[in-house]
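Below: one structure, written as structure tokens.
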Amino acid sequence: MNDRRRINGPAGATLAPFFDDAAPQDLDTRSTRSRPPNATRKLLLKTGVTPSASGSAYLEIETSAKPGLSGLKLSCSVHGPRALPKSAPFSPHIVLSTHVKYAPFATQQRRGYLRDSSERDLGIHLETALRGAIIADRWPKSGVDIIVSIIEGDQDRETSKLQGDEVWDMMNTLSGCITVAAAALADAGIDCVDTVAGGVAALVQDADDGSAPSIAVDPIPSEHKRILAACCVAYLPTRDEVTNLWFRGDLPASDLDLYTSLVGHGIQASKNANRVLIDCLSGTVG
Amino acid sequence: MTATTTPEATFGVLPRADGSARYSHAGYTVTGSVNGPIEAQRREEHAYEAHVDVVVRPAAGHGGTRERHLESVLQSSLAQIILVKSFPRSLIQIVLQVENSPENDYVNTKLVQASLNFGIMPALMQTAVLALLSAGVPMRATATGTAVAIMHQDGAKQTMVDPSPRDIEKARSVHVLAFTSQDELLLAESEGDFTVKEWDLVYETARGICCRSRPQAKEGMAMLLDDESTGGPDMRQFLRSTMESKVAADLHWK
Amino acid sequence: MAGPTISLPAPIFAKISPHPFLVRSLTRSTAADHPPCRANGRATQELRPVRFNATSLSHAHGSALVRLGDTTVLCGVRGELLPVERIPQFRPVDKEELRQQGENNNGNCGDAIGRGELRDYDLLVPNIELATGSAPQFLPGVPPTTLAQTLSTRVYSLLHSTGLVQAGDLKIWYSPKEQRRGEDVEMGGTGDKEDGDEEERPVAYWVLYIDLLFVSFDGNPFDVAWAAVVAALRDTRLPVARWDPDREVVVCSKTERRRLNVRGLPVACSAAVFMEKEQSEAGAGPREGGHWLLLDPDRLEETLCKEVITMVVDCSDDETRIKSLEKQGGTLLGRELIRGYAGIAERRWKEVRTAME
């Protein structure tokens, strides 16, 4: 169990700090969404943060107004294309390997150094999203490594544990990963058919009175009473193609329109992200 | 665990290895084996020189990050004195098994990680050199090392050779120095709180222990040596006499 | 006579034949007013400027982002609680012993004991992650390399030997008397029957997880990592914690935070020795060819140098105190050079202090 290649700390397990819940002003922490339902949060994207890599990018999603609510901070580096090791079997196209890793201090609970299942999951989603964008047969027998480090997860410090909504956080994280990886790929000069970007849309219920749920773009779980369903899309705008779609939640199977409109809103969010991506990249080139 | 025990060494303790030695001093006992030059693994193969691989195994449990650190320090030092250029594309493997260390016998010490790498370093170094000599690996020079601590007692500074773990805990600063047989400073690791002046003092003390029996310098340094004769064992003389008795034993049949 | 001359662009020359490339840039005869410089354009004794960026990681108690040229490190410090029941072989420090120690050390109260506590209970847990794609040789999915492990150990060891953090700051006390007195006032002074002889006692310790993430790697990892650790610890604010005897847990205040008391400002300064000959031939006594001491080596230089030196100094007081010295891998740096190196480290200390403040 003990990792002999790291410094492990005390033998008895340590506890995360347990906070006094007496402070009364904190009881009503649920902030309400200040943005209109079809607006995404502000993105900050920068390329070239890791000069030793072939390409790299850094993405930050603006923190919402309330302090204590953290924004997403991602750093991505791309290594390659480079020759595959001799032991690898022949491949007629480029082999993508994606790694997504939370920093130990990225989330409320301290993360270990070994990749867990949610990190693997994110890695697989990211790979499919990017595979559709890269012109893979341009580099036979080569590989490229795409590594995303989540410096800070998109997670509310206090409330998220109560709701158990890690999954929704993961969707936001994934959409950020897709966008930042696309920027890093472009920075590395790897040919893509288009710039791919991620977007999230969710079906949320804000009131208890049984009113009809509404669709919100780029949702922050703590700003909504309940999230019924959400989807994360990776979208190529000029080709009008979706490379990866991750859908989760409860929706009546009969209401097909709801599905399409949720995906439609996801695409809308992705287009917003794409605009920032294009701005950032053309700024670098120009 | 008195600090002034004389060092002891035995050669050829492991019959199957190319060379081996057991060394004990100041409460530490280390057995080392050397194999080489042997075929190197692909990823360790170097086109122009031999790869020196050092493995340190603690007295109990598995090696941790502390052992990796010791290994990397020893590796870089030993690669300097071994004639690595003479054996391209090969591997010289040195395994050092700690058998006994005074750290074991007191409370609350964890075996796997501790910040004190210091006490054991000279013993490891010495064992590795002895084992290399036993294996007949060509070397540019031999090396000798020692540990010195600076203690503050009753307002007075005091240097102490081969400090015990207890002393290290109390010491202001602890130093490990190793010299080659050509009196060059091979390794210097210090920790604690000291000044350049204090380090100079430590350097003198360590040099006195590691580089004493230099024949041509003997006359000139006699005075100095007399002053420092309390400073601890003479490591180079020890290395030489151990080697001499081994050669004598090997050539006994003549 | 002369064969066809091939001219290569510098990056390719550097890649296929790094050693001659660096020798060439160091020996290139230039105008007198233009001293030869390294391949990266710096003079041999020139250090890259260090920059500290304020970061605000909301899930960490303290953080820092440090850049040294193209090497970037992010450090996050997070405190977690270790109740004393979970410590095997817990041995509360005797008050009497503490006082004695204090007298012996002329005011340095309980220094050695505090250090002992930090080490025995393992309250500081630094770890360095290089495998973030920070350089082509550090790809994720593999266990920490020897370099990462060595760096972690060096940081760990230095944290303990410098006494940067004191055990007293990490200890959470429970003093029944004081707390009861407070309650008494609230409840209108009802019975102090159970005012037993319970003494003030430690109930838990903070364990500081110090995680270092290399965002970008271009040589000299230790200096940057250490600077990040110091900066992050100076930034650390732990919540004020107290023992709740009814629930038998340690509860932390949401609003109140206390700054960690970081003692001193040790700064690391590293250099590498670059030899003109790739290594002198077997048996050659005195080494031929020149050598250069390259301060703050970058990634290319580090791969070409064997002998390295790191000195950690603290000039916070009037006198320069050396906190650590590590020299290995060669025989060129002798006594004089090391003595002179202290001056270089002092200079670095001043630069880093200015950058940090």
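Labels for the chains are A, B and C, by order of writing; each one numbers its residues from 1.
The criterion applied here is as follows: a residue touches a chain if its C-beta (ideal position, glycine included) is under 8 Å from a C-beta of that chain, and two chains touch if they have at least 3 such contacts.
The structure displayed is predicted, hence computed values, not measured ones.
Here the two chains linked by the largest count of contacting C-beta pairs are A-C. Nearest to the overall CA centre, using the mean of each chain's CA atoms, is chain C. With chains reduced to the mean position of their C-alpha atoms, the one farthest from chain B is A. Chain geometry summary: the mean Cα position of chain B and that of chain C are 27 Å apart. With each centre defined as the average position of its C-alpha atoms, the distance from chain A to chain B rounds to 52 Å. Between the CA-based centres of chain A and chain C the separation comes to 32 Å, rounded to the whole angstrom.
In chain B, the residues that touch at least two other chains are 65, 68, 110, 113. Within chain C, contacts with two or more other chains are made by residues 122, 149, 152-153, 156. Touching of two or more other chains is recorded for residues 5-8, 11 of chain A. Against chain A, in their complex, chain B makes its touches with residues 62-65, 68, 110, 112-113.
Touching chain C in their complex are the following residues of chain A: 5-20, 23, 26, 49-53, 56, 68-70, 73, 75, 77-79, 82, 97, 99, 101, 103-108, 110, 113, 145, 147, 149, 151-153, 155, 157.
For chain C in complex with chain A, the touching residues are 57-60, 63, 70, 72, 74, 76-83, 86-88, 121-123, 125-127, 129, 132-136, 139-141, 143-144, 148-149, 152-153, 156, 207, 209, 211, 213, 215-218, 239, 241, 249-255, 299.
By the touch criterion given at the top, residues 48-49, 65-66, 68-69, 71-73, 76-77, 79-80, 83-86, 107-110, 113-115, 117, 138, 140, 169-170, 175, 180, 182, 184-196, 199-200, 203 of chain B touch chain C in their complex.
Within the complex, the chain C residues that touch chain B are 89, 91, 112, 115-116, 119-120, 122, 146, 149-150, 152-154, 156-162, 278-279, 281-283, 285, 306, 319-331, 333-335, 338-339, 342.
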